[in-house]
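All remarks here apply to the structure that follows.
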Amino acid sequence: MRDIGIGLIGSGYIGKTHAIAYNAHGSVFGGKAKLACRTLAEIDETRAEEAANALGFENSTSDWRSLLADDAIDVIAIATPNALHKDMTIAAIEAGKHVYVEKPLALDTAEANQIIAALEARTDPEQPLVHMLGYNYLCNPIISTIKAMIDAGELGEIIHFRGRHNEDYMANPDVPFNWRCSKASAGTGTLGDMGSHIISMAMHLVGPIASLCGDTDIVVPKRPDETGAPRAVENEDQAQAIVRFASGTMGALETSRVALGKKQGLAFEIVGTKASLEFDQERMNEVRLYEGSGAPGRSGFKTILVDTSCPDFAAFCPAPGHGLGYNDLKIIEVDRLLKAITEGARVPVDLYAGREIERVIDTWVLSAQERRWIDVGRL
Amino acid sequence: MRDIGIGLIGSGYIGKTHAIAYNAHGSVFGGKAKLACRTLAEIDETRAEEAANALGFENSTSDWRSLLADDAIDVIAIATPNALHKDMTIAAIEAGKHVYVEKPLALDTAEANQIIAALEARTDPEQPLVHMLGYNYLCNPIISTIKAMIDAGELGEIIHFRGRHNEDYMANPDVPFNWRCSKASAGTGTLGDMGSHIISMAMHLVGPIASLCGDTDIVVPKRPDETGAPRAVENEDQAQAIVRFASGTMGALETSRVALGKKQGLAFEIVGTKASLEFDQERMNEVRLYEGSGAPGRSGFKTILVDTSCPDFAAFCPAPGHGLGYNDLKIIEVDRLLKAITEGARVPVDLYAGREIERVIDTWVLSAQERRWIDVGRL
Amino acid sequence: MRDIGIGLIGSGYIGKTHAIAYNAHGSVFGGKAKLACRTLAEIDETRAEEAANALGFENSTSDWRSLLADDAIDVIAIATPNALHKDMTIAAIEAGKHVYVEKPLALDTAEANQIIAALEARTDPEQPLVHMLGYNYLCNPIISTIKAMIDAGELGEIIHFRGRHNEDYMANPDVPFNWRCSKASAGTGTLGDMGSHIISMAMHLVGPIASLCGDTDIVVPKRPDETGAPRAVENEDQAQAIVRFASGTMGALETSRVALGKKQGLAFEIVGTKASLEFDQERMNEVRLYEGSGAPGRSGFKTILVDTSCPDFAAFCPAPGHGLGYNDLKIIEVDRLLKAITEGARVPVDLYAGREIERVIDTWVLSAQERRWIDVGRL
Amino acid sequence: MRDIGIGLIGSGYIGKTHAIAYNAHGSVFGGKAKLACRTLAEIDETRAEEAANALGFENSTSDWRSLLADDAIDVIAIATPNALHKDMTIAAIEAGKHVYVEKPLALDTAEANQIIAALEARTDPEQPLVHMLGYNYLCNPIISTIKAMIDAGELGEIIHFRGRHNEDYMANPDVPFNWRCSKASAGTGTLGDMGSHIISMAMHLVGPIASLCGDTDIVVPKRPDETGAPRAVENEDQAQAIVRFASGTMGALETSRVALGKKQGLAFEIVGTKASLEFDQERMNEVRLYEGSGAPGRSGFKTILVDTSCPDFAAFCPAPGHGLGYNDLKIIEVDRLLKAITEGARVPVDLYAGREIERVIDTWVLSAQERRWIDVGRL
């Protein structure tokens, strides 16, 4: 089997995570299909060349469009700021490449609709195009076990989901105004950045969100720009919502970039009629499970460590509790991509699911403006 | 100083907690003012006599109204089912007794308004009447320290409060229909029972709630009645709301009686601009504090155990970390009552504050029905 | 039934704990037998009178020997510094009173032997004398559940016990020299103070200690005396030992009064062939249990909260997880005393068991001096 | 700069971990020096070829000695069962290759001495030979921060170290007899396997161990052999010791392969005169720190998550709390190797330190046999 050639656009924080995953994937999963790091595109020649060298790519370019015409490249991986996602994704689709876009898919639902339109205009059943979003938290083996528990009915009926993704990287008011504070560059604030993660998790585990009533808040109204002058922050620092899933299940969601003390604060609690469970990404190798069937004096939340019964874990290590790290989730995600291309497997979040997340975010913002419940489907 | 005579109505779960507190109070706080357990009223003579004997009361009666005319009784303590609170409280007020009512104050705001009307009709500035509600979780020394931190500005501006009081005592659908499931007996379901606790805590720490958008849910629609026949549950098993405090602070509240795994699940997280903190009543002798001023690599949530720097703690034990129990909170609450009577000190929750909690609950229920934000003041 | 009259010697930290327990006991346990707080003895008249008033005793005295001749007093409760235990205990025995001595029993095994000699010289089968030591941690309902699990074989064979009781109240080298630092007043240092607690727990749960190899250490060699001059500390600040129980089980023990961060650091871990468990007194209302019979991916340490399946708990509260406090353990201990007197029930630690604890301590000290394993029975 | 060629012997559990690290290293650390996976040696041709293909090696061989003569190979990495370490390591040294041996160095001190003899016989100052043992837990960024804290005096004087490495992979008595149960193949049991990890950690953080008194125990005396017949286990299932470090610091060590519930149970607690800290590999991205300088009511163990202030962490991710996994520690270890080769940097554990660990183990075993304290230096 030919190697799967990767063309990566962007070598920042998440671009590097991609590169580590592409390089490690083969020795972890050891399958026949291999990934080849072909070309890295960056904003200028120097940066591109340095990044390609550091991250193990064969070639570099300052022209990301050149990847589209390169026959050695099968996948366009997009790890750029959000405002660039739409055009790059559409271009990749139109070039017939598989696309692997970092979350969030786009600045808003309108952009997401344009992407879907491009996808639907093009799709050729004989040459299926794989499209996947980078929501790597969903690839955690412990999350896969949680999902398997839910699917098998171990929790009974899910009656409540409470989730949040809070961090504190903007808690200090002296953190300068940056692209994430601008509507033009980032769309929403914490909602697109981290809110999208907890929304994707909620939907992954409990299904579509039918309606919500949300609230948003700017905590630090002005931040210093590059000259030190105060500049108005244009999008929310924190947001919360109560929701109803399509299943009727109640839920509550929250996200913040100013929540002092939280570093990778994606966490959720699920209450079922047979069992409840709790997860916190800051302790990503464990889940806390309470089984309602226990005897008095012998029941309690059980802290279960990841082990080889969890999907994908055994590829990393045969020993239980020898935990994975943040970067390992990307290796699993890359394996999902590879299996989608080579075996037609499903991906955790495709472009349609990515658009659905945008819809929830836009509904949330609108609901906060209008102070009322809104059905997600209406957008 | 004359002893303060107590007349207690009700000897169930919470009535017994009262009795333990009255008996232990003297040796814990050791002040000059003493409490005397005068008369215990119960539903019939036998039960009253047995309870008085077991709980250390001098006399017993099956006629609670007889306490009103007894000069040896200074305080009417009401530890009966919710539907009885209103009449007993009004009678006590009219008899010129201090009143100590278990939470929640009443079945709804309308009843609470009647109580306040009685209070205002009667109040004689020369004979001030102490009125206090039994929201004992507020009396925890760790909570007092948290409140002191907030008042001193250690947390900076509070930007988010998330709280819940979830338990699982009704999670099993085989738990029979009982008075708590009936609107006539209990008013609301989990909202009045446990929701009132987290509301009282939110207001104690962050101030009045200005507006909210709530949702409620019946998870177990029918429960077996005494014959085993299914009977429709009349009030909510779980409820959630997003709120705005009068200060503008965002908040989220939740309560459930069907949350598998939670036993005394009153918990909250407060995010401030200078520090954040987390509390869980299931580990009631500790608070987790994150101070934003810490150095990189030296910052984290600090698990602080109760010690003598916490108000009231030293009365129990001079040694740090030698934790208090649930019943000890009632001993402190009783001390608040005593100090209000003998020194004119403020109580944690008086009848006005108790009514405010009813207002929040009623607003929540109405908001869930009408699926919209409602200002609390409008009720 | 006549009330059981208590004569208490000492009103310091632990004396007050006694008083709270005597006063609260009736309303908690509600049995027919009642305790009566007769007389409190203190070092001078004023202090005795103040303490009796504050702590709810009928009478006061500066002459503890006067309690011995008082027919209204059934129990002599000894809550004085360690060096006074021996003479008071012997006097009580000789006066035919029940004795309730705070731990540790004496300064060393030699003193303990004198006490046992007095007991054996006197004991009259027709007038059985109850003797109990105050090792209140053993009375925790969660500990009773742990013991019941062990006795029922739920843990299988116990193969390892690791325990410690560490605190930090002497960690600061500026803490002055006090009676606990003196061999004459306290005997050992942390061994008698807190080591005795973890030894009593180990023996309570795993049985007699057969042999050990111990080590001791003075961390702060000199402390300021009352004039501020440095005075040599005479006994150990920290100590550790490896042991073998009579059952053959391996164990490790540790105690420290200079372990920064530990406030009530009595904790242990037990490994069995069927299950393991962990307990920490700083979270005294929970036990962590790992059952070996669990399925892969569903096994983990379960945090079990105290509930009514735990012995004694229901007397305090019918609701699970509504935890007890440090003082509540004394209420249970007092109930053990009462049941021993009125029903002939066994006490958790009697004088013989108390002497055994002294033997372990003395063996530990000797082993540290001679740097070798020593059989406990040889002392 | 020329790539550093790796010849790896062994492709089991730990051999695969090596391969993942070699492949990922470049994109993580991005330096100029690169590693090249040249040849993988396994026990037969088929297995070697399959492993080389799966793990990303250029060539394969069933003759590990062929690596010694290969000029393209700079480093011999030895990931074979313990009994093979000695001969392979000596051969590598004699061939002038850098050696990277998995722990433990050898079956006992005698073997380790032979290795050191070969090293000293050979060493040529003009062609320095790098020798490193695979004790990857020491490479954890959080451990590096802990070490930095200690070196900077943040803990004050260390007065106690308690450590253990307990797992439960042999807890089930039905686990068959395997090479780890045999003295000839494995030397010691849990001591060499996991005990060596906690010993290496203790020495890394607190310095050399001067003397100890140890105990060992076989819990499951017989295990089924390949025919199902019972076969006597030849080495210890669990072991404990009290130690004194060369600094005079007290310590306690423990290791077990039958400790139900522990999966990667390397954990330790360090008490210092200024601060204390606690670490547990099962939550490897955090350390709990108690600073003695805190104010009353504001002091507690702080849970600090890994961040970019921790050495090596930033190479993986710029965001705090985005934790590393078990395999990532190997990537850091490989970077240590590379920097030792290319920059002359020190390695965490070289052959001398590896021998010292064997000495401690052998002293422990001897001490258990003779039931006395033994100075480590005497072996």
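First chain written, first letter: the chains are A, B, C and D, and each begins at residue 1.
The rule is simple: contacts are C-beta pairs under 8 Å (C-beta built on N, C-alpha and C of every residue); 3 or more make two chains touch, one makes a residue touch a chain.
Everything numeric here is computed off the predicted structure, so don't read it as measured data.
Path length between chain B and chain D in the touching-chain graph (shortest route): 1. Common neighbours of chain B and chain C (chains touching each): A, D.
Taking each chain's centre as the mean of its C-alpha atoms, the one that lies farthest from the centre of chain A is C. Averaged Cα coordinates give chain A a centre that lies 55 Å from the centre of chain C.
Separation between the centroids of chain C and chain D, computed from CA atoms only, is 42 Å.
Inter-chain spacing, taken between the CA centroids of chain A and chain D, is 35 Å. Touching of two or more other chains is recorded for residues 262, 286, 299-301, 305, 307 of chain D. Of all residues in chain C, only 159-160, 162, 166, 168, 171-173, 213-215, 217, 219, 238, 240-242, 244, 250, 252, 254, 256, 258-262, 271-276, 290, 292, 299-301, 371-373 touch chain D in the complex they form. Those residues of chain C lying in contact with chain A across their complex are 145, 286, 289, 295-305, 307-310. The touching residues of chain D, when paired with chain A in their complex, are 13, 16-17, 19-20, 22-24, 26-28, 30, 53-56, 169, 262-265, 282-286, 305, 307, 316-328.
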